[in-house]
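Each of the next two complexes has chain A plus one other chain: chain B in the first, chain C in the second.
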Partner chain A sequence: MTEPQTITAQLPPIYSFPPLYTCQPNALIRQQQLDTWCELILEFAKTNKAWCMSQEGTIVTNSEQASSIPSIFVNEQIQRSAAAPFIEEIWSKMLQSEKAIRSSKSTYIILWKSLDSWSSLILQWCESSGKLNQVITLYELTEGDETLDWEFHGMDIELCEKCLLKLCDRGRATMLKDQGKVMGVKIV
Partner chain B sequence: MYVRQWHYVETTPSGQPILRENEKDVYVEHSVGLYQGKSKVKAKQKGRAYLTSQRLIYIDDVSPTSDSVSLELDDISGVEYSSKFLKKSAKLIIFLKEQDNDSTCNVQEPKPIKSQWICPICMMGNETNGEIDGSHLPLPACMNCGISPDYEMIKNSISTLQDNNDNKAPSDNSDNVCPACTFINHSLMSNCEICGTRLPAALSNSGSQSFIDSRLKIELEGSDGLTEGEKCYIQLSFRKSDGVLLYQSMDKVLKEKEREKTLNVFNKGASSINGVEVERLKSDFTLVENKMSQVGIAGLEKTQENQLIRNDILMNNALSDLNNLMALASDIEKLYGAANKPEDKNKTPLLIIDREKFLNKSQFIDEIAREIYGFIMSEFKEQKEKDGVILITLVDIYALYNKSMRIGTGLISPQELREACEKFEKLGLNELRLIRINGRVLCISSGNSFEFVKTKIIEIVSFSPGADLLRLTQSLNENNSNSWTMGIIMEVLQNCVNEGDLLIDEQISGIHYYMNSDWKI
Partner chain C sequence: MGQKGSKIEVTKADKAVLQLKISKDDLHRYTRRTELLINNERQQLRHLLKEDPKNGKKNPRVRLILKRIHYQSHLLDQAADQLINLENMVATVEFKLIEQQFIAGLKQGNDVLTKLNKEFAGAEDLLDDVQEQIAYQEEIDQILSTSVVGGFEDELDRELQQLDQEVNGSQNLPELPSTEGLPAIQDSKQGSESVKQGEIGEEAKQEKAEEEERRTEPLLA
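What follows is the complex of A and B.
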């Protein structure tokens, strides 16, 4: 993971536009403002390879380490920050437009690719690496050496399960469960 | 026949008469028509009659600036009231003074006449002010022997002579100077333009008959039935009310005017000044001093005594003059210190719109509406000239108007103000109208003022993003005095935000405004 100097540098210039942080009273404008926020969050997650974000807008990693990157909702450079009710509104918009899903740990899984494209990417990997009709563990899929070059390397387990479920729905995978926990998957 | 007593009257654009310096309005009557003699005067059949302390002014409802006329109260000899009868509406008949018998209204003294007579006892030639005939008793005493003669005994010796020195014709004076304020009027004016005082030259100006004011339009529907030499009259016809109030107040004003004339005699009724008996100024017969009276010891004593009295009076006059001068000087000093604004000095007297002068509320509201219109137009003239538009909230108007115009005459309520403003259009005052911005704030506006302010604000915001209210107010009012009020600017900003033209950035320090360039609607 690369360590960026500031969030401002990574994001489009609108991130430094002060009115972005105030909930606009005009409803039509507010919708566009929320859209802008959603794009910014996706962009932010993508450049930082973040799978999960907290309600406050900070990146949540698997290693449980405190992230050095501050919240996206606070812009130190222009001394602006979004208010809590407005952040709430942004998240509900994210959920509504299926750009994020609520995870079990009360964090948000950011979908900078949709679930379908993730699942087809996994399928693609299986096909290209000859893993069809084999049992693969989830760890192998997300942390294994063979997926290092693939975008879904390091993927959040919960997100991975959801992607595999999609494949199950399409009849291309079977989940192997142990004590109610998904341990492996067999993709056909 | 042209009745010369009609005068043109100046009005404000909102249709109110412009009063003279000392003029006060007394009463306003609505729905009045004008008659000259027996005939209707064309285009002057529906208007208001303003009775002031100096004039009776007719303001036409349809075209107040061109069809309004006035009558000097000095020209009116009397009024009569004729009540409503069947189809005939109530009328006020106003008799006008004829040119010839005008002199009664003036303070011009009767020509000094001296009578000479010879005392039948001592054969002394006496001179007496006034004309002597048998009706005045007792006759003055002889200067020399002190005995009043019998009229029969002197009637043969009486001869009257006119004092030529005092008989200066006022018509020589082509300047037509006002006796009250010294303003030099045009030679055809009958009353002073500044203070309304009757001019002495007006009487002798027989040439004015031929002069017709081109601004004055008097057209009659038929023959007025007036004949030369007879009493000239005009009528006011009351279309709605019975007009009794106007009649009564007019009668009162005329009587008061008459009384005032007799009031201004100095030292009236004073019998002595500083303990010294003074000769009765107004007595019919006083002995005139002439060279002949200064003979003998009595004459010497008399002259000595007179000299003393004269000195005394002179001294008194000098002292009181000095006092007056000092008082005047301190007044001027005060005035100079207080009045720095030159515009205060030439403020014309305003109509006093009192509730009591109006019969019903709607008339009062109409009058208020005219006044408010005139008030706004003059108060925001600078802004109008500069930006071409006016936009003020009703709340501001309410405060401004009540504070500057209504103190002492009864404040108006917000409800009345609103009703008055709603009447603008009905009264033909088209430049201003009442608008509601943002669906909640009532404003008085001229032209497309709202859009004007809006584009101006957007211009400023695009030039300096992040401007707050204070900054906007400052830049809007950069070149003129604070004429765009906070209230208006706030409403316009609100509108801009609602329409999506501007974006807000809310901080503890206030709301900052930005152009909306990214999120188009």
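What follows is the complex of A and C.
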């Protein structure tokens, strides 16, 4: 497999534009550049269903198997890659524009849908499948067979928890804990 | 955490269901892992057999892998059975919870009904009382009507008389041509006077009747 090609195929042509990989000195152009990077990362995460990405731009999955897709910041095809300080800047832009949440020191949860829309989607699922007022485990929600057709299937547990907290704030849900860990939720 | 602020209460049953579901999830996870393992091993087996088509069947490693596959799939079956059991359990608990609500609803309805029925306890006395009152009312009505009817009749008579007097009197009196300047006719004058006298006599009678009425009235009240 030639993964770099798949990334370039997945993303808009701007991804193969060499100046994109160099930090632009002009402030105005740099803003534009950062915005473009944010969009590219979102697009990349969405097409690959990546919930989590590392600082280096690779996809982080829960399962043991390593992702075969290389970093988004390296474009083999045009022999360009972004420098670490610039990558740092991109991530801080992502955090600032609320398109990503820092999960741990070097991993980020990518929000190609806002937390609010994820939580409404979960609520919608509960309503349409008659799960209201019932205990649902987070595993059931993200990995269960009943959510296979839904976009949030396979969602990162941490992200799921954050979405459910949004529902809690709206007074629609209660978290159920087991051994100090959030295990389930009851949505009304 | 946010859940402290929300008003949704978590019952013991909810916790129990959670535990059940957690075990279910564990089983689910195990099933998936085992399926993956079996698939991997099958592929490995194929690979080994392809590599060494002649001695492959006798290779102890191949036999071992096949045994493992069988053992794993046996476990998988067991896991599936247990999964179904747990799912049944969860469904039963959830149904029982609904039944509980149903019973609670029934109970509440019964309470309300008994309360309402209690309010009807005095109904018999009330009805008796009402009957009595009605009877009394009828009595009064009778008394009133009998005595009032007489008086009323009298009044009618009097009114008629008055009307009669007014109508007939006004017809008789004003239409008489003036007698001034005419020679007196004795007979006709006397006749009209006697008519007048008769009227007066009737008026006196009426006054008498009124007096009688007044006398009887205090008795009625």
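Basically, the second predicted complex is superposed on the first by the 180 of 188 C-alpha atoms of A that agree within 3 Å, B and C clash if a C-alpha of one lies under 4 Å from a C-alpha of the other, contacts with A are read in each partner's own complex, and residues count from 1 in each chain.
The rule is simple: a residue touches a chain if its C-beta (ideal position, glycine included) is under 8 Å from a C-beta of that chain, and two chains touch if they have at least 3 such contacts.
Please read all numbers here as calculations on a predicted model, not as lab measurements.
K.L.:
Both complexes share chain A, so when I overlay them there, do chain B and chain C fit or clash?
P.N.:
fit
K.L.:
Can A:L95 be said to touch chain B (first), chain C (second), both, or neither?
P.N.:
neither
K.L.:
Pick one for A:A84: touches chain B only (first), chain C only (second), both, or neither.
P.N.:
A:A84: touches no partner chain.
K.L.:
Should A:L176 be classified as contacting the first partner (chain B), the second (chain C), both, or neither?
P.N.:
Once the two structures are laid over each other on A, A:L176 reaches chain C alone.
K.L.:
Name the contact category of A:Y139: first (chain B only), second (chain C only), both, or neither.
P.N.:
Second partner only.
K.L.:
First (chain B), second (chain C), both or neither: which does A:L165 touch?
P.N.:
The second partner, chain C, only.
K.L.:
One more residue to check, A:A9. First (chain B), second (chain C), both or neither?
P.N.:
A:A9 sits against neither chain B nor chain C.
K.L.:
So, does A:F17 touch the first partner chain B, the second partner chain C, both, or neither?
P.N.:
The answer is first: A:F17 touches chain B but not chain C.
K.L.:
Going by the touch definition up top, name the partner, chain B or chain C, that contacts more of chain A.
P.N.:
For chain A, the partner with the higher number of touched residues is C.
K.L.:
Smallest separation in Å between any Cα of chain B and any Cα of chain C in the superposed model?
P.N.:
42
K.L.:
Give the list of chain C residues in touch with chain A in this complex.
P.N.:
Contact set of chain C toward chain A: 1-3, 5-10, 14-15, 17-19, 21-22, 24-25, 28-29, 94.
K.L.:
Once bound in the complex, which stretches of chain A touch chain C?
P.N.:
Per the stated touch rule, the residues are 134-137, 139-140, 143-144, 165, 168-169, 171, 173-176, 178, 183-184, 186, 188.
K.L.:
Would you pull the chain B residues touching chain A in the complex into a rising list?
P.N.:
466, 497-500, 503-506, 512, 514, 516, 518-521
K.L.:
Within their complex, state which residues of chain A touch chain B.
P.N.:
Residues of chain A touching chain B: 14, 17-19, 21-22, 24-26, 28-29, 32-33, 36, 80.
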